[in-house]
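Below are two complexes that have chain A in common, paired first with chain B and then with chain C.
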Partner chain A sequence: MTASPWALFRASVTLEATTLRGNRAFVILTAVAAVSFLVMVSLFGLTGSYAPVAVINNDGGPLADRLIEALDAAHHSFALKFMPLADAEAALLSGRLVGILTIPEGFSRDVAAGKTVPIDIRIDNVNIDLTHDVQRALPAAIVKFGRDQKFPGATARMVEHDVMREDPGYIPYLVVSALALDAMVIAGILGAMATAREWERRTVKLLRLSPASPGILLAGKLTVAGTVAAVALGLALLVIVFVYRVVPIAPWSTVFALLACVVIFTSLGAWLGVVLKRTLAAVPLLFGLAMPLYIDSGALEPTRFDGEAIWMAAHLSPVYYAVGVLEWAFGAGRDLHPGGRVDPRTAGEGRVSMSRDRGDAL
Partner chain B sequence: MNDVRRVAGVAPDAPPAIEVTDVVCQFGRIRALAGISLRVMPGMVVGIVGPNGAGKTTLIDVICGLVRPSRGTVRVLGHAVAGNTSALRASIGVLPQETALYDEVTAWQNLRFSAALYGVAHADRRIAEVLELVGLSERARDVVRGFSGGMQRRVAIARALLHNPALLILDEPTVGVDVETRHQIWAHIRSLKTEGRTVVLTTNYLDEAEALCDRVAILRAGTLVAEDTPAALTARTGRCLELECWSEHATKLSVALQQHPGVLRAETVDFGLRVYVGIETNPEDIVGAARKLCPVEGFRTRSPDLVEVFRALTAGSQP
Partner chain C sequence: MHSSNVPALAARYWAAILIASLLGTTTGDFVAKTLKLGVAGALLPLGVLLALVLILERRGSVASEVYYWVAVIIARTAATTLGDFVSDDLKLGFGWGSGVVAVGFALAFLVSRLRRARPSAAPSPDLAGAAKSLPPTTTGYWVLIVIASTLGATVGDFLAESLKLGVGLASLLLGAALALVWAFEGRARTSNDVRYWIAIIVTTAVGTTMGDLLTGKEGLNLGFRWGAASLTFLLVVVLRRMGRQHAGDFSQHPTISAAWGMAVNDVAVWLRSPAAIAASLLPALGMGVLVAMLTASVGRQPVALVVEGQGKHSARMARILLGDEDAYIMKKMSAADAEKAFGEQRVAAMIVVPENFDWAVYRSDGMVDLYLNNINIDIADDLRRAVTRSVAEFDAPQLGLLGELHGPSVGILLPNVYRVAVAEHDLRDTNVSFLQYQVIPIIVLIAISIGTLGTALLTARDFERSTVKMLVLSPAGRAALVVGRLLGGSLLTVVLIAPLVLLGFLTHGLPFCEEEAELHMPQWAVMLVSGPCGWQLPPVRWTHGVALVALLVAVTLMTVGLGTLLGIVLRDLRVVTMTALNAAAYLFFLGGGFTMVAFLPHWLQVASRFVPTSYAIEGLRQALFYPDLRGVGHDLLVLTGCAALSIVLASATLTRVWRRA
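Moving on, here comes the complex of A and B:
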């Protein structure tokens, strides 16, 4: 009696699928996990944005209003709130505001007269990142205010040449690379479970005692695990397209990239499952590996700017290549091959030019 | 070499179903098997008994080809196990110590998967047959997770029988099951014996070995202490003579009787003294000698059971 390879493959697929059907809650949670990673990176992108800052306008003049408009438009860090000083101070101390900006009385008059006017800002420096945001945003707003009011003096004008045709939003940019994170975690866990559970149930001995080909059995099990992972990733892709409104410029490349991710990460998970022989060990390890590899892949910026060693380490991980291919397919990121997509005539040409006594630009 | 005798219905020139020669298994500093030799002839039920850690499961794994011995050779059904495992595995049915079922699926689905592993022809019919054999036809479509330990064990036995193997290896078939299920499993094993199948079973339960096995091999700390029929092993231990006397006399009697030439061993028990005497010794001579030393209120003789044989054979053999 010899099992035909096809019959064996089918039996392995059927058993694995039936086993997963018996664990519906797990499968549903896996699909939810795919979307939850998108939510996670979105929340990460939102962190520090639109920090509430109270504006105490003691002037009320037209130039004070223009400054407030400049503050509102200058940087996404500011979500301006208008309230009495006492309320603002209470909110600042209780952590519901990150700063109080006070426009002094006589601001419009003094600015019009060419005097230097100090603008007081109190910052909740509980986290230096927020402090830095405010420190960057306020001068930018003042510069914009001066340019809008056509104040004379030394001016700097930025001439920007973009690499991308349009500015991708930060969150849409992040969710594309989050698909690679999704793939690693979900396909990896499903692959690890498919193999490690054979040791946990002790059925691996049964398989080893049989004359059946382990390769065919494994292929059957991983086909099911990969299919479930692909469905979960498909769901995440639909959310990206229809909820985040980020549409790939190369749809087939996106699909093929995701399928390649599923194959690679399911296999990686299966290997970890065999090595560790316990889902309780493999699952936390996959979670633990996925986040650092995701961050290290340069998913949060075009590339890593913090040293060659970290950057080279990223190249050892499949997550790096997955992020690169997906960002390329969505037209939202760097290229894996220099010169492949970035126009060398415009790349890196963003510059600041200085001119003197140009009142029309700052 | 411990040579298991031939059984009726088996060709005299038939090769042994299992032939283990001088097998040593060393795992780092632990020697799990220390030079075991054993022969099992076709059609026999052979029990391998021994305490936990004696090397029973390692010996089974060596026979199945799961563990490569550090030294020695193993032949199963006439073929060397080394390098011939895939073909051999199709001829062996194994009930592992762990029941090892896919508990999220039904008994039928478990067996359907096993049928695919072994390429069983007319699988559905055969599954129905083995489920009938283990008395689980009515529960075929139930998820295994809901089964009792005994029922799960029966499904595992059905799985081991599914591909109609020439050699069946049962690693502690009744461990963790209730008394009723244990007797049901015994009945299945007896039916296998009736079919002329070769069965090797490991067990901690000596009554099980006594009830089921044509031959019993006793393992302790990786060595084969004895291997024979239950009756021969019992004879080797001698006859058991139980003397009823006061406990204060029993200790003195024990010391005195152990000097008697026909006495193999003596031990004090709650009713007095238990004495093992050589098969050629007349127990009444011992009773007479005892009565000269102290009052003996009564006595009886019986054959020792396998537990007593085991204790006698393994006493002092701890390495």
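Moving on, here comes the complex of A and C:
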């Protein structure tokens, strides 16, 4: 007697579900990993700006205060700290400050008298990225200060036209793309475990000897793995919506994109499990691959900024397309996505053209 | 030499030969630098002295090792002079000098082997199954000792001076190599000439750098008199006090033997398991790739420059913008091309100097348009700052690079329309690149991954495969097995981390890693060969080197203890893997893996104080990048406390569960 395909499928699902119930700790840890990635990219997002700089105000006059206000407003550059010089020096020499800025005594008086006054900045140039940020932010703050005080003599200025009306928040921007990373790791690991386990427990021989169709059995196993992955991703999605307050502008597209990610990555994971035959090998490989693929997916910036070669390479990774769709669905980049196109003629009005082919990502 | 005058090849011998080598380096430097006898003036009396000692030994009636040790010191003194001759007088430098001496040694060694292979040559004591002994101490042996010592001297100087590691760090690295060589020698049950001479070369190399460390200004600065006196005293103490047991023969110490056996077995098991290796290394390597790519992302952004104005002011503004090469990868384009590039997101921004710019400047209303793709606020802010600064330079040249380098910081102040100038003072001479800065957290992440995951997998494996029962039934005491497990995990971590750190320092010796180096090869080849340059670590003083090693050892012990605990508690390889990977990720990020902890919000700064890796990363950055070791003591104390706690807990738990197994 031969079981019907549906009965076989159900039996496979039941068996896989029972096995996963026996591996509850592993499944829970996989879901924890999903939230962990969100936390990690958030931590990274917190680090891109606001260099801690101590201000020693030896003047205390009104113009010194205005300069401090200009520093505070200089493109999210400085986290100004007010502390005694000795504390500031100790903090600078132990890497807790990027710099110490000293406004000299008599600053307000001399500036009001039309003199140019040097402000002293001691920079810990241990990290070139931060050093450059500070070096460039200071003139920006000084220009703002000079313009606010309406000092005469300036002949040129910059006029900015942004593609977005408002700068997208960095963390919301990052966490949306982290969902694609989650999908890859969670669905990939569960898919890999579903297949690799057959070799680990040496049950693959039984499967080979069985008259049942391996396709149906595999479908049953992967359905369970995919469902668990979808639930874990759903958890991550809820965290994004209710904790980070980032709500998708296209909810159904978001759900569809995530489900597509689950299907794709569960299948890829299953293939990896068959190739490696060990969950222990597949898990770190997925973790190891996830990070470079994530960053080459346009998660931090349009991939093409990094050069044509990296952009072309990105097209080989499904994560690239997943990030593109999710960013579009969340509106994190409004209409911008890695394969997108912007119209400079509308820049400054906070609009971008949708004239590009979106098929690249969709 | 009579066999009664030759020391046994045991731990005592290796300790004594290291000290003799240190002493020989000190006397060699004294002969060369203080007495200034020159090569001939030094080698002749030293050769005569050596011959005299050997003749006296042959004719002497009282058996004594003194002859041997005096001869070693004289040979080592001559070797220091010879090393200087090869590298300085022959102008070969330490690198080529080492190569030439190595070839000379290989030839001399071959000749010596061929001579010994003849029937008339004296048989090796090992053939009769005797205990380990030195090669026959014939004239050829002493020639080899001199050449091997010369090679050790040039290699030591090559590491310390040519590779600019400094004598402290070179001593540490060579010390680690020596420990490895001694470990192999100690485990061996029979003598082997090749192994012996490798050990001699490494020992003399350590002697060279450590000798300089003891007597030179870069180290303890003891000078010849105090250095020689203290080393002679130490040599006498070692020779008189240390027993004559064989090196590495632990048969008289069953506990040490069992612990060592367990550790070696753990390392062998781990090395035979590709999945475990992958589990430990791949996530960390992935993070390394991520950081490398991030470096490209956070650096300069592609920007299109469109200059529509035709006058001199437009041209000057364009020059200023194009001159700031640190800020942008700027390409001058036509308006149409720039729009296309901006539209296709090939450039992050488009800067336009408009047609009427010159006319507007005369009216004090010149405008430079910045069309900005502000999808990523971090990049957008970088560009805003950079363009603002470039435009400000137009009216206030000192607000740009000119002011940074030759402005108010050196007392030259030009008036500007914004009435504020910047006097910049950098803490260090050279900037540290973002990638260099991130090398430390990656090293810590690798240490966490290997230490935690490696030990956890080894421990869990014993439970999963029931091999724990065999361990319990073995005659070795539990304490020895526990120590062995922890030692095995530590060895694994150290063996994998040490070459990575070494690579970081050695890249300074690669000529193509220098900034001004131009490679005439395809782009892909340039990327391939210059890849390791990104791992570059700055040379440090020996005190900083010691701090670096101490911090890494503390991290290793802490993670090994943690891994053992995880293995005991979870006992399932898959669960162990997932838990360890999650834990490693949190330890990395909350420890300041991607930034300075000081950049995080206050509540996260407080949270990170409870994450031991934050002390490791902070301490290692301080030791590597800062002039003093401010705060490193505190960091080390916390890490050592955590390491002690995790080791004690792991030991106690492991002992308990093995008792119950």
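By our rule, the second predicted complex is superposed on the first by the 320 of 362 C-alpha atoms of A that agree within 3 Å, B and C clash if a C-alpha of one lies under 4 Å from a C-alpha of the other, contacts with A are read in each partner's own complex, and residues count from 1 in each chain.
Please note the rule applied: a residue touches a chain if its C-beta (ideal position, glycine included) is under 8 Å from a C-beta of that chain, and two chains touch if they have at least 3 such contacts.
Computed from a predicted structure; not experimentally measured.
In the superposed model, A:A192 lies in contact with neither chain B nor chain C.
Touch criterion met: A:L15 reaches chain B, while chain C stays clear of it.
Of the two partner chains, neither chain B nor chain C is touched by A:V175. After overlaying the two complexes on the shared chain, residue contacts for A:D124 are found with chain C alone; chain B is out of touch.
In the superposed model, A:A137 lies in contact with chain C only, and not with chain B. In the superposition on chain A, contact is made by A:N23 with both chain B and chain C. After overlaying the two complexes on the shared chain, residue contacts for A:A230 are found with neither chain B nor chain C.
When the two complexes are overlaid, the chain among chain B and chain C that reaches more residues of chain A is C.
Taken together, the two complexes place residues 23 of chain A in contact with chain B and also with chain C.
Interface of chain A with chain C (complex): residues 23, 25-26, 29-30, 32-33, 36, 39-40, 43-44, 46-52, 67, 74-77, 79, 90-97, 111, 114-129, 131-133, 135-140, 142-143, 145-147, 149, 151-164, 167-170, 173, 189, 193, 276, 278-281, 283-285, 287-292, 294-296, 300-302, 304-308, 310, 333, 336, 338, 340-345, 347-348, 353, 356.
Every residue of chain C that touches chain A in the complex is listed here, in rising order: 274-276, 278-283, 285-287, 289-290, 293-294, 296-299, 301-302, 313, 317, 326-327, 338-339, 342-348, 350, 357, 361, 364-382, 384-389, 391-396, 399-400, 404, 408, 413-428, 431-434, 437, 457, 570, 572-575, 577-579, 581-582, 585-586, 589-590, 594-596, 598-601, 604, 618, 621-622, 625-628, 630-631.
Taken together, the chain A residues at the contact with chain B in this complex read 1-4, 7-8, 10-12, 14-15, 18-19, 22-23, 201-203, 205-212, 217.
Looking at the complex, you find that chain B touches chain A at residues 64, 66, 86-87, 89-90, 92, 94, 96, 98-105, 109, 112-121, 143, 159, 163.
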